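Paired with chain B in one complex and with chain C in the other, chain A is shared by the two complexes that follow.
Entry: the complex of A and B
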């Protein structure tokens, strides 16, 4: 019985962990190219989920809902880059921190006015019927779809970065912006592309998690803090690390809420964050960067 | 010079308002509640039910008071389920010229924040559909004299007793109690626990809480499952209740979910989908045409608001009936004076034929030792509802038959 419970909590927690990892992955993408982070990433998750929900409400099939959702996420990512990040990068200030937060707040107000404050269910063709995977542990196809979707998108982004010209350009800017510019690569465009990709990844996170959590203006506010912890603990440079740290955090949270009580659910993430900042400031999977002045 | 002008203007304004109040043969009634946000299905349905009653009264030219017809004039205020908004609105209404009565409030916290202002200014308030015990018990200690606050909703005390009764009827001996961390949830847990201990037939094998906004309830539910609970007794509101129902299905914990009337909220039914089927909760009104009055009410509600389902049938019916009660009280008092209306409500001589029941002396003279003197609902006015295919129906066919014969 005890092992069954631990297994069940681990499986449920891992599903959420994949979502943390995906949002954290979005943080990393923009950090790699521009050393900036969209602090309104959670609002991108939420607005994209609402747009996808509106498309689904029009009666369009899931095969249309997902691409429209991803596209809207990418466009929103571009929008954030254009209005909140670009100026700050040009001026070499940290203005993007406040600006991305402001854009996020604006998105919450807009969502409340357009779609209302209510939590709404997200329709999905994927079954919510629990499947027994042995030993009395059950998992729903919706949860499996989260795991598969996250792995798939990470593989796709990796392929894009390694085997396409555009991807290589983005990678080059991440590696060394000045050198890349000397080779004729537009850093501004590469950063814009990284924001668009990051937006699409946020949208995918929204579409995958919405059937589990429902859609509402504050759906991502808790998610985003945890994703940020994951990104910092894993290291803002490491792509593969986020998946591992994300899943571990999800599992730890579940186990904490079972053994310590539901009120202690958030503690593992915070403890991990503090430990990481104290012991490995560049993250478990990060490499120390040498800053040449 | 300027001050004088302002004073003259102010005087003219006050004069004209007072003149209006005297000249117009109207009964001024305010409706407050959350018309936006998470509690909006209840607030909106309550308001729409009340407005339906007002429209029907006004269509006939008003109701008879002392030989002439009196129309109802409505004032609406959205408290957004926020305690501080509720307090501001109550203060505003308390100082409104010519206002005779207020109905509404969904959230116990809003009631606690606002009602004292109405009581101070001696304005009649009928609380509906807020069910939390504290709304009325706040007047017990310290005991209030001359209470102007009435309730028209099945109090949590009645509801929790019914929930325990239902679990007993289904022969459960081990139950889990889940609740949200709000005032409403905690007082619901206390009511349930007290009742279960008093009856002594069941044991509580797990007690656990969750927070507003929580999505993952599997830890709490696995604990209940591991402890061998045969039913989950629950006190919370729509979105979290839906998360519980969904997670119960996920972990294969197939036991009945029985709880407060909030299990009939449309955001529970919609978000839980078919996982919500079988959930049971006390109801004062079921959206089924079992009586003539119910049929007429449901039809006119659907027609007036262009819907095929009332978002919260209980709130709508309670809003409707509470307007009828107030109208009857004004009629009996022969005046729109709030104190006279209060006295009439405490001693209604004529039965009032509402959609929920025919109300015979629903209230009595306020006695702080017996807060039920200002509670309209008794156990027999409340029935057990059950969700079936996204619709709240009767849990027990006997209730359906009993109401049909009324």
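Entry: the complex of A and C
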């Protein structure tokens, strides 16, 4: 009985873990090209989810809702890059941390006024009926769709990076910005592309998670904290690292909320984070850079 | 009395006098008290955000910790105000150090994330530890007595103001001491700061803990001001507001923190009145239009920095016409104001005002003291009989690349020891390992017979190794004199609290005269007040040598000091080296100019492939067959026994 509960907790926790991993994966993309991340990414997830919800409310099918949501995420990512990041990168300051927080603040306020402060359910054609997968443990197709969607998009992004010219250009900028620019690659464009991709990935996270959590102005505030933890614990370099850490974190916190009480749900992530900082400050899968003089 | 002191004293006197006129207005008194409390929190936050240049998202959590520490000390233990506030400060210091120890090994976004996570953890703990904190229900308390006195609202305000004034003076003293200078230095070049024996990490942790304790003190006062606490009052929103206060007011400025506090307390009140909001929006819009127009005239184009504030303030003006309820859009208005300020006035309001004042009235420059006697600054090094530097079996590798394969090296007392070799032979790695920048894979370095701890620039520097860098590592924003003062570790002995109490002036004067003596030694006596960034290239190299000498080294390492120097400058360099030799300071000199090596060095060690291939006087080295082979390669036919590196002549 005990093991069955643990197994069940692990399965539903893992579904959330995939979402954390996906958002953290989005952080890695922009960090690779520009050493910056969007501190308002949670708001981006939320606004994309609201836009998708509005499209669904118009009566359009799921097959339209998802692409529109992804597109809006990409555009929002471009907007954030243009408005909040580019200027700070040109000045070589960390002003982007503050600027992206500010853009996020504006987004929350705008969303509250446009869509209201209430939590709203997100329609999905995927069934919420639990399926027994043996041993008394069940999983819903919605949870499965989260896992599949996340894996699919990670594979697609890898393909983009390895086998398309544009993807290789983005990779080149990540490896060495100056050398890439000398080869005629525009670093500014590569950074913009990475922000667009990161935005689309965040939007997908929003669309996948919305049927589970519902949609509201604060839907992503807890999610984003955990995505931050995952990114730091795994390190900002390794794609498979975030997946592993994300899933483990999802499982851990699902168990924590069961055994310690729902208020403690967030603690494993934060404790894990502080441990990782103390023991492996560059992340479990990250590499320390050698100081050069 | 200086103008600055008059302004500060005047402002505080004015602030103190306010209750005499509006003492009956409870609402006004509440706002005033809040301004002083936030000013304390912001001064603390500015230490990390401004002086350390790291975005800190944890200050709200330290306020929370301080608030609950003093709140619980009062409700649970029945303490009075002074010990309860002291408890808050201690909790802030300890928690600050606890967070800083791991987090400050990180930079930039990771540091921001670490502080953000700490902040969420604190709020969760306060919410969940219901038996202690009463959880989300909140903690009610009654304002305790201060030294047996029951404080009126005005009395409590004066207490807060008094604390603010004390902290203000303390921070002013601290920032104008070597602490303030090292904050500046570690932002410009952390490596050089470590290399002069001032531990970047140590300074950062101390500064962060100090800033956090101020946040906790502000939290304690906050608890006694509102007499009711809830964990959710210290969430993300509160943290954003604090950060905005520092940025709006202006970083790296006490006045900026004060102004920021006034703004974050007053803005929500101002914005709730529609005419005031519209006036602010219109003024902001016009100001950014004028600024944009000016840039257009001067530069013929409109950069993002000019357009963005116009758009942001324009949106505010437009919003004034379209929006029904401003209260609903408060966060958005906040965001727009901030956006306009962060982009348009990146140094904050005080940064802008300060620059304008300097332009109008000119900056102050303190007169220089007479230089100290050189013998006092840089004593002659007697020969203790021990070999100053003995390196044996040193090796170092990067992945598969073996950069040093068992290096043995000895530098004798008072000698200038040349270290030469083809590119990639391991010279730079050798001195990087000796000076502690890289850890050694194996081998021992002895300085004056004692084994050097490896892998730490700071510890090597404190043991007596000073170095310069091939690619200059100056503190560019500091003046030439200040560059040297950073390294004068032996002058600064006072602990931090005494410096905050204002007792550091004597040390400061000694440091200035000693630094001037060293500047004179390298021929830069006339450049004392010039910013290092504005010095000519050759002069910058000499400044680095003077800074290394300020550490009173037992061994001086010079990494290609003549690289890129013009021939007149090379003559100056040789003069400086002769003067260093007179003080009998042992030197390792890496140099590619063979004429300099031949002229200056007593002995020369030649490296190739990470190993020593020859040691001797310059004359012996010049004719050594292995050296010639390493530099020029072998002629086909006599290949046997040749060196494995494809060496090029330098």
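Before moving on, here are some points about what is shown:
Rule of thumb we're sticking to: the second predicted complex is superposed on the first by the 290 of 293 C-alpha atoms of A that agree within 3 Å, B and C clash if a C-alpha of one lies under 4 Å from a C-alpha of the other, contacts with A are read in each partner's own complex, and residues count from 1 in each chain.
Definition applied: contacts are C-beta pairs under 8 Å (C-beta built on N, C-alpha and C of every residue); 3 or more make two chains touch, one makes a residue touch a chain.
As the structure is a prediction and not an experimental result, all values here were calculated from the model.
By the touch criterion defined above, A:98 reaches chain C but does not reach chain B. Applying the stated contact rule after C-alpha superposition, one finds that A:120 touches chain B and leaves chain C untouched.
Judged by the touch definition given at the top, the superposed model places A:212 against chain B, while chain C stays out of reach.
In the superposed model, A:254 lies in contact with chain B only, and not with chain C.
By the document's definition of touching, of the two partners only chain C reaches A:37; chain B does not. Among chain B and chain C, the chain that touches a larger number of residues in chain A is C. Taken together, the two complexes place residues 263 of chain A in contact with chain B and also with chain C.
Note for the complex: chain C touches chain A at residues 53-55, 101-103, 105-106, 108-110, 112-114, 116-118, 120-121, 124, 127-128, 191, 236, 240, 243, 247, 304-305, 308, 328-332, 334-336, 338-339, 342-343, 346, 398, 432, 437-438, 469-471, 473.
The residues of chain B lying in touch with chain A in their complex are 36-38, 40, 208-211, 213-216, 218-220, 222-223, 226, 238-239, 242, 246, 249-252, 267, 270-271, 273, 275. Those residues of chain A whose C-beta lies close enough to touch chain C in the complex are 31, 35-37, 39, 83, 86-87, 91, 93-95, 97-99, 101-103, 105-106, 108-110, 112-113, 221, 225, 228-229, 231-232, 236, 261, 263-264, 266-267, 269-271, 273-274, 277-278, 281, 290-291, 293. Chain contact summary for the complex, chain A toward chain B: residues 1, 5, 8-9, 12, 16, 116-121, 128-130, 132, 136, 138, 140, 212-214, 216, 218, 222, 254, 257-258, 262-263, 265.
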